[in-house]
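One chain, subunit A, links the two complexes that follow: it is found with subunit B in the first and with subunit C in the second.
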Partner chain A sequence: MTLIIASSCAAVLLAVAALAVGIGRSPAATPTVYGLCLGASAVSLAAAVTHLLGTPTPIEATLPLGLPWLGAHVRIDALSAFFLAVVDLGAGAASLFALGYGRHELAPTRVLPFYPAFLAGMNLVVLADDAFTFLVSWEFMSLSSWALVMAHHRDPDNLRAGYVYLIMASFGTLALLLAFGLLAGPDGGYAFAAIRNAPPSSALAALVLILALIGAGSKAGLVPLHAWLPLAHPAAPSQVSALMSGVMTKVAVYGFARIMFDLVGSPAWWWSLPVLALGGVTAVMGVLYALMQHDLKRLLAYHTVENIGIIFIGLGLALAFKAYHMSLAAALALTAGLLHALNHSVFKSLLFFGAGALLTATGERDMERLGGLIHRMPQTAFMFLVGCAAISALPPLNGFVSEWLTFQAILLSPQLPSWGLTLLVPTVGALLALSAALAAACFVKAFGITFLGRPRTPVAAKAHETDRLSLAAMSFLAALCLVLGIMPGVFIDALAPVAQSFAGARMPVQAGVDWLSIVPIAESRSSYNGLLVFLFMVISGTLAASAIHRLASDRLRRAPAWDCGYPDSSPATQYSASSFAQPIRRVFGTVLFRAREHAQMPPPGDPRPARLTVVLRDPIWETLYAPIAGAVGWVTEHLNRLQFLTIRQFLSLVFAALVILLLVLALWP
Partner chain B sequence: MALIVDFAVQGLQMLLVLMLAPLLTGLVRKVKARFLRRRGPSLLQPYRDLARLMRKEVVLAQNASWLFRVIPYLVFAATWVAASLVPTFRTGLLFSWSADLIAIIALLGSARFFLALAGLDVGTSFGGIGSSREVMIASLAEPAMIMIVFTLALIAGSTQLSTMAGYMLSSAVGLRVSLGLAAVALIMVAIAENARIPVDNPATHLELTMVHEAMVLEYSGRHLALIELSASLKLLLYVSLIACLFAPWGLAPPDAGGERLALGLASYLAKLAVGGVLLAVFETSIAKMRVFRVPEFLGAALMLGLLATLLLFVSRSL
Partner chain C sequence: MRGLTFDIAHLLAGSLVLVSFLQLYQDRLYALLNIFALHALLLALSVAWQAYAQNAPHLYLTAAIALIFKAIVIPVALHRIIVRLGIHREIEKAVGVGTAMLLGIGLVALAMVVMLRVTAEADPLAREDLAFALSVVLLGLLMMVTRRNAVSQVVGFMSLENGLVLAATGAKGMPLVVEISVAFSILIAFIVVGIFLFRIRERFDTVDLHALDRRRGERP
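Here is the complex of A and B:
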């Protein structure tokens, strides 16, 4: 039943895409398309949640589509039900947001047809149960999102973003294609059931691990394969940015989890090494890149990279524990990673919606040209603040819960009997702690520079609050941030079937614990109660407020800012995004980004202003991408000569190729 | 009945930290003044300052937003909740399980997050300089603190502060290299977190060297009183934390009677006094660092914490 509903929702989304091609130009198209998408996602979400909360026995079906001898297998089990819920939650919220936001779209015909197609693609990836359907849906998802990135294609930055994205997406799919090829083996058993029954040998499994890390990791944004992400995610319309950052990266996490926890069979201990190391590096690099940005949407996109790192740390720990048959610990780590995936999809969508609302109100993405918006857009500011606090892992909101669980999983790892992990895991823990602290710094900057202070430009001073539907979508997600933060036990219990089937055990039942606390292992070991922390903060805050208003003075007078006696009326004297990041840039960026500051001081008496230029260099782009791009350019330049051969030379080229191929075949042992 | 006693003890602890916090600040100031051969203000001066600030009107900058007015309450609430969860005179308080040490640190992180936002709200350059330096310091102090928590949690087998303190009291703990490293790192972090010399100077009003004071420059009246009280609470929290982890003697166990509680209370007061005097001695004997020396200082704390954790990963007995 669930499977039928979920697949029909995907089919409905595809039909909506076709409909959008037809009616794209009519003014009713925007509400119709987004309304239908909202409905389909809500139904699919309900189906997924019911399946997850019931006793999730896998349901399978084979549709007469695709390759004639294979058909299209679809299947819903605990893992796919969870990710289906994540996808459709994000999709529903984005559709609701787009009902309001989409009205400001300048080129609706470039967005409307691809949007439902993109949603359908993500739904199908999660439902797919054979390599062929998986890869087709994956590619469908990539290409429709590519079309959405290119929606505003006249901007040269977007063109470059689309180009890089297309290359990286094809590269990632190629890696996945090879991974599935290895998994299917020489007999070509492409159905996941066949792969599960014949797990590959350990050498092949190692290759599959590397290919899965490249394929799924490039889509998720693992450093160093993240280069496309901060270019492409901000380029799309904001509801699509939210989907790409909040949801599509989770589909990639699903792909990785499906391959590594399900298809490959029981893991070897060292598989977790690259996953953990990449996760830790990704978390810190992502947030450091984010700190250096002043484009709000790009900052958010880099933050996605950071959070993907945290999720992969959870998955890597789960792999390590699973390899040593420490099922309880594996369940904890896997739950932590998956819960963080859900949390991240909630707050990252919220933040991108906020960025979209700012974009409508001011037409600006550059934080250096905003400021003071809390006065003009109080509701958006409040929602955005909730998102910022949640992503900075502040209790009692949701981001803290999943990071706390990850820390608890790390604390269980000294029991792992292997030297490599013994040295790696604490380092990864330190990197995780560093990234959490830097994330808070980054979101002080994102909120403070954009919403607080004084307006830096006239557009920021004249901004208007965004429309009600957008606000409704944002308040829904903000409320969800709080709910996930104060009653995480419910969600941890909902993840139990996933942990049970993929980690071999489940976390202790949280529903029976007093006051909705969460207890990962045992109460004497660690427990956390978001609800009580929230209540305590509310009570002590109100207590303080009422005591002060009763006993102390409540007089208040407005006056010019004090600023040590020298307030300056020009808004340019405020701290800007780059000046706010300057201390951190000096601490971390001098080595990592080779940050250099050049001050140009005019000689005394010269009225020209002094200038400070900051040069940052992207180490990964320069050491990895630029040489490869250079090499490809060099080769194509030299191969270019082949275009101008005479017919005789062409024929001899073909003949030579044939002879060489035959020789290879003849000499093949 | 037992529940009522537990409630009373928890309530007593919450009141106790709130009441003692300004006294500790007063003590540090007094001892520092004596070392500088001044007489110094009375021990009760912080209370008088708070009362005076409460009575005064608030002068609010013209473009301050609603957030600016809410933040003092938020900061105070987060700090007070955190401070009342640290065992002071008795372990196993009624609500001690609601947040472990990681959550307490994150609560302090929340307070700092909002305070840094307050620094940016009015849009002045001093507020900005304070906020940006504060988050730079926090970005190193917080991971160092987490590494210290890891060390302690691996030794005690728990991140629950009450359990940790109980373990430290027991004879199972012994002398360990990792504990020594963690203690040094914790003291370094505590100095940085509380904006004490050599990281920051709580008494300075020399603009370019301020961090914490620059951030709260625009606050006045009752708002400033709350911020000052939160700062005192945070100092008390760190002294209590160091005391309950590294000098847990006298802490009353959860099932203690009145006599043990009185002993616990007395020893707690003694520990606070010793902590305050030591802090004053340390602060008078050292000069403030340049802001960009601070990362090296905190980086050392982070490395000590990481080293301690690594040692424990290598061998549980180190």
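Here is the complex of A and C:
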């Protein structure tokens, strides 16, 4: 039943895409399309949650679509139900947001048809139960999101983003294609059931691990395959940015989890090494890149990279524990990773909605041209603040819970019997802690520069609060951040079937613990109570505020700020995003990004202003992508000659190829 | 009887390879055409023998097609083209006789090695036949690569196709439809190439393919 509902929702979304092509130009198109998407996602979400909370026995079906002798297998088990819920939660919120936000869209005909198609693609990836269906849906998802990235194609930056995205997406799909090819084996058993029954040998499994890391990692944004992500995610319209960052990266995580926890069979201990190392590096690099940004949407996209790192740390730990049959610890790590996937999709969508609301209100993505918006857009500012606190992992919000659970899993690592892991895991833990702290700094910057202080430009001074529907979507997600933060036990229990089937055990039942506490391992070790923290903050905050108002003078006075003796201070003299990041840039950026600052002081008497120029270089782009791009360019330049051969030379080429192939056949041992 | 069948099939297919070698070193177009007609005649005989040996009457039809079109119609038509183009005196070669023969020997050896290795379990009749057929195909290709004149390239192409027919008839159970469609596609290819020859000639006053290269601005 669940499966039928979920598949029909995907089919409805595809139909809406076709409908959007037909009615794209009419003014009713935007509300119709987004309304239908909202409805379909809500139904699908309800089905997924029911399945997850009920008895999640896998349901399978074969649809008479796709390849004639294979059909399209679909299946819903605990893992896919969870990710289906994540996808449709994000999709529903984005559709609600877009009901308001989409009205300001300049080119609706370039967005409306692809938006439902993108949603349908993500739903189908999660439901797929054979490699063919999986890859087709995956590529469908990639291409429709590419079309959405290219929606505003007049901007040359977007063109470049689309180009890089298309290359990286094809590359990732190629890696996944090879991974599934290896898994299916020479008999071509492409159904997941067949792959499960015949797990590959250990050497093949290692290759599959690498290919899955490349394929799913490039879609999710693992460093160093993240290069397309900060270009493409901000280029799309904001509701799509939210979907790409919040949801599509989770679909990639699902792909990785499906392959590594389900299809490959029981893991070897060292599989977790690359996953953990990449996760740690990704977390820190993502946040460091983010700190150097002053484009709000790009900053958020880099934070997606960081959070994907955290999720992969969780998954890597789960692999390590699972390899040593430490089922409880594996369940904890897996739950932490998956919970963080859910949490990240919630707060990242919220933040992108906030950035979208700012974009409609001011037309600006550059923080250095905003400021003081808390007075003009108080509600958006509050929602954005909640999102910032959540992503910075501040209790009592949801980001804290999953990062805390990840740390709990890291603290179990001394029990691992392998010295490689006992050395690596604490390092990864340190990287995780560093990235959490830097993320907090980064969001102080993002919120402070954008919403506090004085407006830096006239557009920021004239901004208006965004529309009701957008605010509704944001407040829904903000509330969800709080609910996830103070009642994490409910969600941990909901994830129990996933942990049970893929880690071998489940975390202790949280439902019976008093006062909504969570106890990941045992009461004696650690427990956390979000409700208590929340109540403490509310009560102490209220007490402090009332005390101040009661004891101090409650007369509101407005006085000029001290201006260092200059009579009329310009808003440009405020703290800026790059000045806020300067200490961190000096500490980390000097080595990592080869950050150089050049100060140009005019000689005394010269009225010109002094200038400070900061030069940053992207080490990964320069050492990895630029040489590859150069090599490809060189090769194409030289292969171009093949276009101008004579007829006889063409014939000779064919002839030579034939002879060489025959020679190979003749000499093959 | 079994031994004789095999020997005759072997003889005919082997002669086909020999005639392919003969084609390789012809430097006069008329002589080349005559050899090609002989090539097609041998093919027709070989196919007819296969028809008899496999007791497959439809192969007689294939043999008849080969005889009528390849041994008679196409050589006569090419003859007339050569006369009308006035190129019967031309001598042309891109690779010398010695080199071409050496390459040809190498190719035949390669074909033998490959075929005898891959078809270890097959019926010996089909096996030898396939090895010879592959040699004929390779020699036809070699001829197309070593010649410059468009007419001799057509002949190379036709003899390549003869090799394909030989392979097809050697394998039991090849449907007649396939053979007929191959024969007709060759005929159509021949017509198209013939028309092109005249078009090329009209434009460049020669059927030497060098002219085309010069036209594209590659050789001075």
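FYI, the second predicted complex is superposed on the first by the 654 of 669 C-alpha atoms of A that agree within 3 Å, B and C clash if a C-alpha of one lies under 4 Å from a C-alpha of the other, contacts with A are read in each partner's own complex, and residues count from 1 in each chain.
By our rule, a contact is a pair of C-beta atoms (placed from the backbone, for glycine too) under 8 Å apart; a residue touches a chain by one contact, two chains touch by 3 or more.
These numbers were taken from a predicted model, which means no experiment stands behind them.
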item: First, second, both or neither for A:555, with subunit B first and subunit C second; value: first
item: Dominant toucher of subunit A (residue count), subunit B or subunit C; value: B
item: Partner chain(s) touched by A:662 [first = subunit B, second = subunit C, both, neither]; value: second
item: Contacts of A:266 with subunit B and subunit C, given as first, second, both or neither; value: neither
item: Which of subunit B and subunit C A:644 touches, first, second, both or neither; value: second
item: Which of subunit B and subunit C A:526 touches, first, second, both or neither; value: first
item: Doubly contacted residues of subunit A, that is, touched by subunit B and again by subunit C; value: none
item: Interface residues, subunit A side, partner subunit C - complex; value: 644, 646-648, 651-652, 654-655, 658-659, 662-663, 665-666
item: Residues of subunit B that touch subunit A when the two form their complex; value: 54-63, 65-67, 73-74, 76-78, 80-81, 95, 97-100, 102-103, 106-107, 109-110, 112-113, 116-117, 119-129, 131-133, 135-136, 138-143, 146-147, 150, 153-154, 157-160, 163, 207, 217-218, 221-222, 225-226, 291-292, 295, 302, 305-306, 309-310, 312-314, 316
item: Subunit B-facing residues of subunit A, complex; value: 371-372, 374-375, 378, 381, 385, 389, 392-395, 400, 404, 407-408, 410-411, 413-414, 422-423, 425-427, 429-430, 433-434, 436-438, 440-441, 443-445, 447-449, 452-454, 515, 517, 523-529, 532-533, 536-538, 540-541, 544-545, 548, 551-564, 567-568, 571, 573-575, 579-584, 586-587
item: Interface residues, subunit C side, partner subunit A - complex; value: 94, 107, 110-111, 113-114, 117-118, 138, 141-142, 144-145, 148, 209, 212-213, 216, 218
